[in-house]
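For reference, the structures are reproduced in the following blocks.
Common to both upcoming complexes is chain A, partnered first by chain B, then by chain C.
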Partner chain A sequence: MMILPEFELLRPRSVDEAIAAARGASGRFDYLAGGTDLLCNYKWGINTEPTVISLRHIADLRGRDGGRVGGGVTLGELERDADFLHDYPVFERTLDRLASPLIRQTGTVAGNLLVDTRCIWLNQSEFARQALGNCLKADGPECRVVKGSTDYCYANYSGDMAPVFMVLGATITLAGPDGQRTMPLREFFVGDGIERFVKKKEEIVVSIDIPSDAKTLRASYQKFRVREAWDFPELAVAAAARMDGDRIAELFLVANAVSTIPLWLDDVAQKHVGATLDDASIEEIVADVMKASKPVRATLLPPTYRKQMVGVMTRRALREIRGDADAGAQPGTQPGTQPGAAA
Partner chain B sequence: MTQGFKVVGRRLPLVDSWKKVTGAAVYGDDVRFPNTLICRLLRSTLPHARILRIDTSAAEAIPGVRAIVTGADASARFGVLPISQDEEALAIEKVRYVGDIVAAVAADDEETARQGVAAIEVVYERLPDYFDIDEGLDPVEEPIHAWTRDGSNCQKRVDQHFGDVDAALDAGKVKPQGHFSFIGVGHAFTEPHSVTAVPEPDGRMTLYTPTQVPHYVHRALAKVLEMPMHRIKVFRTAVGGGFGGKSDPFPHEMAVCLLARKIQRPIRLTFDREEIFLTNRGRHPGIVDVQIPVSEDGKILAMDVNAVIDGGAFGSFGVVTTYYNGIFSQGPYKVPEFRYSGRRVYTNKAPCGAMRGHGAVNARYAIESVLDMAAEELNLDPIEMRLDNVLEPYSKTTNEFRITSNGIVECLERCRDESEWPSKKGNLPFGKGIGVGCGFFISGSALPIHQTRTPQSTVHLQIDVDGGVTAHSMGAEIGQGSDTVIAIAVAEVLGLTMDFIRVRSDDSDTAPLDLGAYSSRGCFMIGNAAREAALVIRKKLSRAAERLSGHPADDFDFEDAKLIALSDPSIVISYFEALTEALADNGALIAKGWYQSPRMGGSFKGAGAGLAPAYSFNASVAEVDVDLETGLVTCPRIWLAHDCGRALNPLAVEGQIEGCIHMGLGQALMEEMRYSKGRISNPHLLDYKILGPFETPEMHVLIVESEDKEGPFGAKESGEGPLLPVLPAIGNALYNAIGYRAYDLPIRPEKVFAHLEKMRKSETGFSKTWETNGR
Partner chain C sequence: MPKTLVTLHVNGATYEVAVKPQDTLALALRDGCGLTGTKIGCDMGTCGCCTVLVEGRPVLSCLTLALEAEDWQIETIEGLSGAERLHPVQEAFATCGGSQCGYCTPGFVMTSVALLRDNAAPSRDEIKAAIAGNLCRCTGYAKIVDAVEKAGSDMRSADAGATPPTTGEKDDAGIQGRRQTAAAGR
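Coming up: the complex of A and B.
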């Protein structure tokens, strides 16, 4: 049977208590929210810690107010939040196809942003990692995906919410031993598959704030993988635009799940401001997004194919923004093939 | 008995479903005994290595570690087939794949058992690894098993030739061929293997195990423990799915009993998902080459089939699989000349074995694909061409399979009509396709694995004053509904409602022999045995009614718990009146029924393989949608018509067919056991992809009833056969949609995408330039 390793579980009631608990653990701890990511890795013996600090009982992390979403809000709560979906309709589809209904009942927004990077060599049991060969990110000397890499992990960022928040211009608020700080989410993610973001270990994600002008953006999130439920993205593209007549006034693009972090493609986006969204200019953007994406063999599908699919997903996102009724059929989304479609 | 059935043919919930849906069923891991120790296994992380030394001293010193066994504790080899007894409870001299069991540790709890496993030190000498089937046919430096001939890793060779295939190849107007390759797939059942061994105070040993084959486990335990069978009890717990993955006696079953005997305490072991993949016994990966010459008017002249299959490290059912990869190619068609060459090669990978549609699935995909090539070349409709070639009922195949009832024509016609094939085939836009496939499968293997004259199935019935009928059988209920078949047969014969019948099929001490749940034998064999037993009771009750009424015994019909005189319906004796009379001066009514297949088959080498008292037949028509931008293939709807002889319980038959569709689509579209240098690299259900709800199509299940003369109430199998036509229907539909023939499974989106890109850039672009004919 798969069992959890032993750890001490702390249940602070406030952000301050949690930070104090973290400082007491001298770096050897993990925060726990829904646990749908962390505990899977724990069961596999990946980078486990002796102390786990649960954030489930901290009221300040819950709740949504306008564009402010508490870090502890579950994906299920957000999915049922009609006002929120009305303001930011792009989340409807993003949430509906994220993990599975069951996981969304427990999984939280902060946990989703911080979901650990994934890799076919890493997300395995201890036995399998030993048989296949341990790697840099967990317990080995060298990367298996890019042979010879001893200081850079190429594991794939696989969260679905971050790219959407990013194109909507959201900020993230962190609380830590030195107080609170807020930064654009697009500056939050940095580094390789081990470093991942600028957050200090003790810092807690308090909230995500979407600016209210994002309500007038047209946004799309296009995710690609083999199965419509359960599967993490093999790659995805988030796009948002503000149109001025038939011209792009503002454009925001993220290529997701093709690198260690969601790729904020500012240069590509800026280059195409002022263009129209006709087929020809869409193809130019498609080519640029593809060029900027350099997937490696950390997931099941071959990298060259994933890169090609980045192009297809970009095209679909832009067509959806343009208002095409059929931006490109996703399997399983044709009418009549959706058992129990989102209620 | 009158013709109109009272219970047979009704849609009934399975008799064990109440327990399962309320959570009351006791599965492997629900078994609890006081003082139980928890077992964990040390498995090899090397594919092929000699064990030089095992040091368990550090593990034994851990507080809470109570006992450890290794290969030194059991020397006897075992295996499901008498001809390949090549498995060891714990590796003796060498390990043969990543996952091979080296030691078993019993401890106070799971965590301590894990620590014990980690503390065992094993010194290995690496041996050359063999992962590739091609190299397995030639002599190698260190054969995986010492007994393979000529120093190669080839375990089994089958060569059969009927008639003159070369002449037929010369004569054929068209002779399409294909080279197909298949990746291994696993059963992906829900319940992990979970066993408890209990040393009884009187020295006996009891093993609780969710097995499909209690009898073979019983035999293997006797051999490995070196104990007589009567000193061992096998108790089959509720089984959370098997599909062939629980139809071997397993090393871990041996290991927990060895531990229990050593420490004299109950031992429990529950696998995690990864260990299921390591234990495997899934469908063999392999290569199948097929060539089929066909005459101008669409008649199949011959089949030439060649298969090389990758057995993994042990024999399991593999010798049978080697036969099944070829010999089932013939049905449901008339194949005048036939040649088959099959090879099974040992490799240093997880052992393969029997899986739903055992041995027949991959070859069927190849055959049905090549048949479609012939239809295209000849400008014939694939369904009409198939209809022109089918075997007749009560006929014989070239390799002397005795064909009895056969509903293949109705299967094809209903699929054709219900799917509106004539209006779709040839008229669907680029990217949408429709395809057909057929299938043919045994309804129980006529020859038992151990060639004795003991019947293959026996059922005991017992009725006492309460009027309830207790049926005893060792038929393994694994969710497929064999307990329900027993209950239906008994209730039908005795004119009782289902609540009178209680089935006990779990305990080898009280149940009469049954060979288990494999080769789709349950319904046919256990059903017949139950029916026979019930007829004996019926006679006893009729005689009692005669004594009470003076009316002749053989003139009573049984209905609604009453015995009603056929010639004079005013004469009615209630079931309880008859029973009370029958019990008088006699005691409980006891009866026995058994089933044994009649003699059949040819006299050539290997003639026994594939013989069955009846065969099921089926056809499927599937539609596919190809996402032209991504290459992802989905199946929006599928029709599957299956001739099950008679549906004793249509609800159960539909469930089986739906399950087969789901599994077949999984193998066609996404399931694969990936290996990296002999190590399974996706041993969990996130990366080993079975179809999810969104990928599951609209299913149109069509039941065809050909009323088999020897089947119980006319019934045949429906648990495995329906899987066979699914894969080729998808492959053929994909070809119809975009002109891409998938020569390897699963169908990979990146390959479909590459094909589409090539077409997009070609002169004709996305237009259907193939299959313009054939309607």
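Coming up: the complex of A and C.
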């Protein structure tokens, strides 16, 4: 059995109460939403804090209204929300491939956005980490993935919701001691595997807002993972496009789980606006996305293979957007997880 | 950290359990309520052994804090049926060989019960999708899917007032038929 470390559990009933509790904890706290990521890390003894502030009892964080999704909405609730899936069908497959049905029952939208970065050196028991030599993200002097890196952690971003929200042009609203602020989600993620985003520690994700014109985007999320349920992405690609006849009027691309943050590939996308979405154009986009993706050995599969699979997933996403019947191949099934098995 | 008394509503009964803030619901159910049918496997949310129903939905009790569970309606494997008989899902698991070492079985049964309450006649793909968060290292899953399918069939028959198929008759023939079809397909 895995033992959780001792902590004080606070259960505020409002956002203001939660922020006040956070200020009282002097930075030595974590927010708890669904708990499916945080409690696992705590059981592994990764960066534990003496105070845990549960957000589960705050009604203001729940509920959905149009494209506005509360940070505390569970992934399961979203998965059962037929109106939401009708408006944004890309989430049907995204949610189907996110974690497991059991995790989705309690895991929240904000929790998935803020899911901690992962690394084969980090996500181990405390005993194993000590034996291997602690890493920069947890008690060690340097990154074990990129030897010699003492100021940059290369742990992998592993959420699935963020890239899809990003290509749909969503904004994120945070509440903190200085009030609320809203920003495009694509500007939210910054920095290395420790910094991760611009959110201050006391701030709470109140909601994600998808603009109404996103309903007319064609979008796809293609995820590659080892275990077909539960697993975090080894890599993924999110794409959305607005077509003008057979030409691309707008294109949005995110390469996911190949860096410390979801990579917003605006330069690649802008370069191909105006092109037709034929096989030759798709291959050009595939090459550009692969070139922009620079995975390191932070996950199970080799970086060279993951880079190759970025191309495969980009191709599938664009073909799905084009309307190819066999584009997504799956659902739920993956090409072989061994190098050379993908097509 | 001092213990706190928490009121848990489990299987229609009320338990007052003293827990530490970091105690999980799985621990409170087993050690506090004495309901050891809920198993702790990986304790990290990957195996589904600890699945219980919260407000009718399957939830991982190893990743739920006991203090958070106050006022929730919780169902465990012990609450599915009386002491004298099995729930149709348990019956089907026994009949179809959906259980070998048995450690994962309570989790599978609870997940399956939740599925069948939502969807009385799930397809095999729907069953596979529903149990995707539960791991079994013995059966190879085929017999578990058979069991859930049979349980659904039995429960529909019972609801319709018909006599449920007896062990080894109609449904076993159906399973055998599917196996033959699969074999022919190869």
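We take it that the second predicted complex is superposed on the first by the 328 of 343 C-alpha atoms of A that agree within 3 Å, B and C clash if a C-alpha of one lies under 4 Å from a C-alpha of the other, contacts with A are read in each partner's own complex, and residues count from 1 in each chain.
Everything that follows uses one rule, which is that a residue touches a chain if its C-beta (ideal position, glycine included) is under 8 Å from a C-beta of that chain, and two chains touch if they have at least 3 such contacts.
As the structure is a prediction and not an experimental result, all values here were calculated from the model.
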item: Touched partner set for A:Phe7, first chain B, second chain C, both or neither; value: second
item: First (chain B), second (chain C), both or neither touched by A:Ala287; value: neither
item: Which of chain B and chain C A:Ala249 touches, first, second, both or neither; value: neither
item: Contacts of A:Glu228 with chain B and chain C, given as first, second, both or neither; value: both
item: Touching partner for A:Arg56 - first (chain B), second (chain C), both, neither; value: second
item: First (chain B), second (chain C), both or neither touched by A:Leu39; value: second
item: Chain B versus chain C as contact partner of A:Leu102, first or second or both or neither; value: second
item: Residue contacts with chain A in the superposition, chain B compared against chain C; value: B
item: First (chain B), second (chain C), both or neither touched by A:Val190; value: neither
item: Residues of chain A contacting chain B in one complex and chain C in the other; value: 1-2, 6, 228-230, 332
item: Residues of chain A defined as touching chain C within the complex; value: 1-2, 4-9, 11, 32, 34-36, 39-40, 42-43, 52, 54, 56, 76, 96, 99-103, 105-106, 228-230, 332
item: Chain B residues within the chain A interface of the complex; value: 29, 43, 45, 98, 110-111, 192, 270-274, 625, 627, 629-630, 632, 634, 636, 670, 674, 676, 679-684, 686-687, 689, 691-698, 749-750, 753
item: Contact set on chain A toward chain B in their complex; value: 1-3, 6, 120, 123-125, 127-128, 130-132, 224, 226-232, 300-302, 304-305, 308-309, 312, 315-316, 328-332, 334, 336-340
item: Chain A-facing residues of chain C, complex; value: 1, 20-24, 40, 43-46, 48, 51, 54, 57-60, 62-65, 67-68, 111, 129-130, 132-134
